[in-house]
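Data first, discussion second: the structure below is written as structure tokens.
Just so it is clear, A, B, C and D label the chains in written order, and each chain counts residues from 1 on its own.
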Amino acid sequence: MKDVQNSLDHRGITIQKVGVKDLHLPLLIVERAGDVQQVLANVTITANLPHQFKGTHMSRFIEVLMTWSRAGLSAKSFKKLLGEVRDKLAAQRVEINMEFKYFVGLVAPVSGSPSLLDVDCEFTASLYKERFDFILGVRLPFTSVCPCSKEISEYGAHNQRVLVTTRLRTRPGAYLWIEDVLDLLKDVGSCQVYPLLKREDEKYVTERAYENPKFVEDILRDSVLALRTEPRITWFEVHCESFESIHNHSVYAYHTESRKS
Amino acid sequence: MKDVQNSLDHRGITIQKVGVKDLHLPLLIVERAGDVQQVLANVTITANLPHQFKGTHMSRFIEVLMTWSRAGLSAKSFKKLLGEVRDKLAAQRVEINMEFKYFVGLVAPVSGSPSLLDVDCEFTASLYKERFDFILGVRLPFTSVCPCSKEISEYGAHNQRVLVTTRLRTRPGAYLWIEDVLDLLKDVGSCQVYPLLKREDEKYVTERAYENPKFVEDILRDSVLALRTEPRITWFEVHCESFESIHNHSVYAYHTESRKS
Amino acid sequence: MKDVQNSLDHRGITIQKVGVKDLHLPLLIVERAGDVQQVLANVTITANLPHQFKGTHMSRFIEVLMTWSRAGLSAKSFKKLLGEVRDKLAAQRVEINMEFKYFVGLVAPVSGSPSLLDVDCEFTASLYKERFDFILGVRLPFTSVCPCSKEISEYGAHNQRVLVTTRLRTRPGAYLWIEDVLDLLKDVGSCQVYPLLKREDEKYVTERAYENPKFVEDILRDSVLALRTEPRITWFEVHCESFESIHNHSVYAYHTESRKS
Amino acid sequence: MKDVQNSLDHRGITIQKVGVKDLHLPLLIVERAGDVQQVLANVTITANLPHQFKGTHMSRFIEVLMTWSRAGLSAKSFKKLLGEVRDKLAAQRVEINMEFKYFVGLVAPVSGSPSLLDVDCEFTASLYKERFDFILGVRLPFTSVCPCSKEISEYGAHNQRVLVTTRLRTRPGAYLWIEDVLDLLKDVGSCQVYPLLKREDEKYVTERAYENPKFVEDILRDSVLALRTEPRITWFEVHCESFESIHNHSVYAYHTESRKS
């Protein structure tokens, strides 16, 4: 049977990325505490395609992913996984992106009631020769109380849910766990949010947030300060989106910087 | 050229709805004030298919819609439009659903600054013999202040954006404008939201909302009371979804009822 | 601390549904083979609220769900889960909806290569007095080859991905597994789709689909015939959506019917 | 009334972007032929915030947009619009992104039947001192027939919808119209797609696509070759996503390059 993908191409264009996108898979993630958590991943995985080849053998991406579907994945695993993809496809550069909801146990601040918070996470890893690059992405929900609204109003202050999305790189050989990012950023909002709050917790969260009003600009700046305290981080970006309760649109802030490694 | 759609089918199943979905079109909507507003519509349009026919002539849906794309549409237009579709497809029952953002001019409550609020709307119309049915759907954004949070806290109160979605039918020959639904429901939240608020407006909205705390249950019940005051309405449903600022999930309430026409 | 939710309401409106929406949780589903599969669920859970009460105790929904998060859920479990929610909230009618991706192992038709297909599923259960209602929803992807395009063209035929969504009820005490629905419907498209296909499989799927052209109307009718063969089913609806490869919109068909139980 | 935004900040962080996101507005776009087309825009507009200021005056973004909502916008207009925003906010760098569906008239290839194709477009413009940057984004739908499937099968070939998304910059003072990008790329798929096709058109499209099979890699490479023919382009990227009809996932290819201006 003819291998059409393998036939010669004459356009002279090496494609930078070609592969599989929007593939849903259950995968296992190693937690900081050493356990393994199953997540539902949405995967994009690509390789470069040298100019002389007409096409990529797409099924090989799926084959490699299937063999890894029962292994506990951490930042480090991706170097090995991508090496296998590279070999199997005879490519030079390979890349994977996976998005997933990760659950972290929280206890309500007064009652101590336990619940599970869903955190949107993202791993992006690439391998080119011996150069391995890994970006960790974590999106955390907070509540924010508007300082202007509090200041100018006789009582009350508008507040809303804010999503803080951080993507970061670390120095070679060093990694951060998702839980490390939570620890770094847990105080950047007016208050954390929780899936389960009893009345005494709701009182605490309301008062705590009101005592601690923050613009989206404040949340961004406090995120930047927090990320700067972690010496393993060599680059980061932060997006803050606040779903304004007094408008039908969001307000948004963004910052990125590189740190000496 | 063979008309495959027109060939005989032997399975004996009359299909209730078959047609075109997720078709994007610019259409013109008549405003209450008599002007015409262009909207971007996402259209689903279907007809029944008698058991003896293998397929529908899908292109005819598009042809009819194209001829109507420059006409100002109101509830009443749909009877005529659907009649044309029914004739062109030799069907018994035809139905159209279109979703669109509709813009209404608002003025900020203190400064009077003008802006345009986007309101998600939906028209659903069907025609079967002489029976014409029309459902108007309108989704309005509000802010809501939590009464429990206000009561139990020393200061502050959590608040958030709430979407109130109403779908309603009117008695034969009577119609409501989108603007009529806004007038009926504009006070059901703790306060309205606005695209453009100056500082004096923000103070007003914050204080007004704090003075007027409402659970999602309150907003639902006040919507029900408001809709009951309009004698033209024979059936309605209301969905309220509140994007809680202290959680990463929503709270939700729903009610439907029929009214004597 | 005052229980504001518990205070008297004077509007006289019993709310039909109020609760929590868009809550993400890992849950365990019992498979037909007896194993348990972890899924990522998006949950809506509601209760009615008698007219005399101002509000619902939302945290109780979360508390019950947390206690069930490690139990293997099947259709039957929901009666017990909903009974607990009803008792805890002193409600008369309670309802849960959960949407999730469920994975089923497939083998490629010629090479036998194994892979995991993601299937969008939905459980909707309600309890009112002793009346328990359960709806199973399953969405399956297929490929469809257009019979008209094949007939009128010298060669080739346009084809595309189709999603077939079935929701069904069974007679009291009888249940269908997700895998049963797959077995019933696996042949309704021009061919099944697979995550992993080697070249010999791709040849098979292409030829099989071309030999078996089907309009969206055919897929709908064949789904209806297939569902009628299962005596446990008392009601079903089928939606077929075909993402046309020659258009930028979909074609769509719908049918529902009740069966004598 | 205190201007909290204007108060001093001591964290020393100049925020790179802060503003308004997910704002829906009707705007007017100048067409190549000189007419004006109303579109529904989703706008993000931001400015930098110098380190000494605590917050941004968000309402000013809305005020400027409102004054531009009746002007016909083209690439060139954005320099003036952004200049106004910069002055009003006393910022150094301002940026706008707007996404919208743009409609182009197509005629079916044989019958000549007219219809309107929806094309997802995006304008991204920024202004920093006198440096104005403008990126035009255009997403076009095609059909693609798989060359491997055609080659190895006795008859038929799987095909599907493909979206080709191009983002590009032009040399200073030169601009491309959306319609120019359509002209450049209209032949990169196996065939164009059309909203309205009569039977004779469907035969044409089916046969044309079958005679012209293309992998996602081919569509990407032909897009690259086409974009290289336009001397005004100084940078571009192309994403091709193919919604495979034999899988439940997509295949994807990406390429970017800079051209000497």
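Operating definition for what follows: a contact is a pair of C-beta atoms (placed from the backbone, for glycine too) under 8 Å apart; a residue touches a chain by one contact, two chains touch by 3 or more.
Here the structure is a predicted model, which means the values were calculated and not measured.
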Looking at B-D and B-C, which one has the bigger number of contacting C-beta pairs?
B-C
Compare the two sides of the chain A and chain B interface and say whether they are made mostly of the same residue numbers, over half shared, or of different ones.
same
Just how far, in Å, is the C-alpha centre of chain D from the one of chain B?
29
Roughly how far is chain A from chain B, centre to centre by C-alpha average, rounded to an integer in Å?
35
Would you kindly tell me how far, in whole Å, the mean C-alpha position of chain C lies from that of chain B?
26
Can you list the chain B residues in contact with two or more other chains?
1, 23-24, 118, 148, 152, 195, 197, 199, 203, 248-249
Drawing the touching chains as a network, do you get a line, a ring, a star, a complete graph or other?
complete
Quick check: in the complex, which residue numbers of chain B touch chain A?
117-118, 141, 143-146, 148-149, 152-161, 191, 193-195, 197, 199, 202-203, 205-207, 209-210, 243-249
Which bits of chain C are touching chain B when the two form their complex?
1-2, 4-5, 9, 11, 13, 15-24, 44, 46, 49, 54-56, 58, 147-148, 151-152, 215-218, 220-222, 224-225, 241, 248-256
Complex contacts: residues of chain D adjacent to chain B:
1, 3, 23-26, 38-40, 59, 62-63, 66, 69, 101, 103, 113-116, 118, 195-200, 203
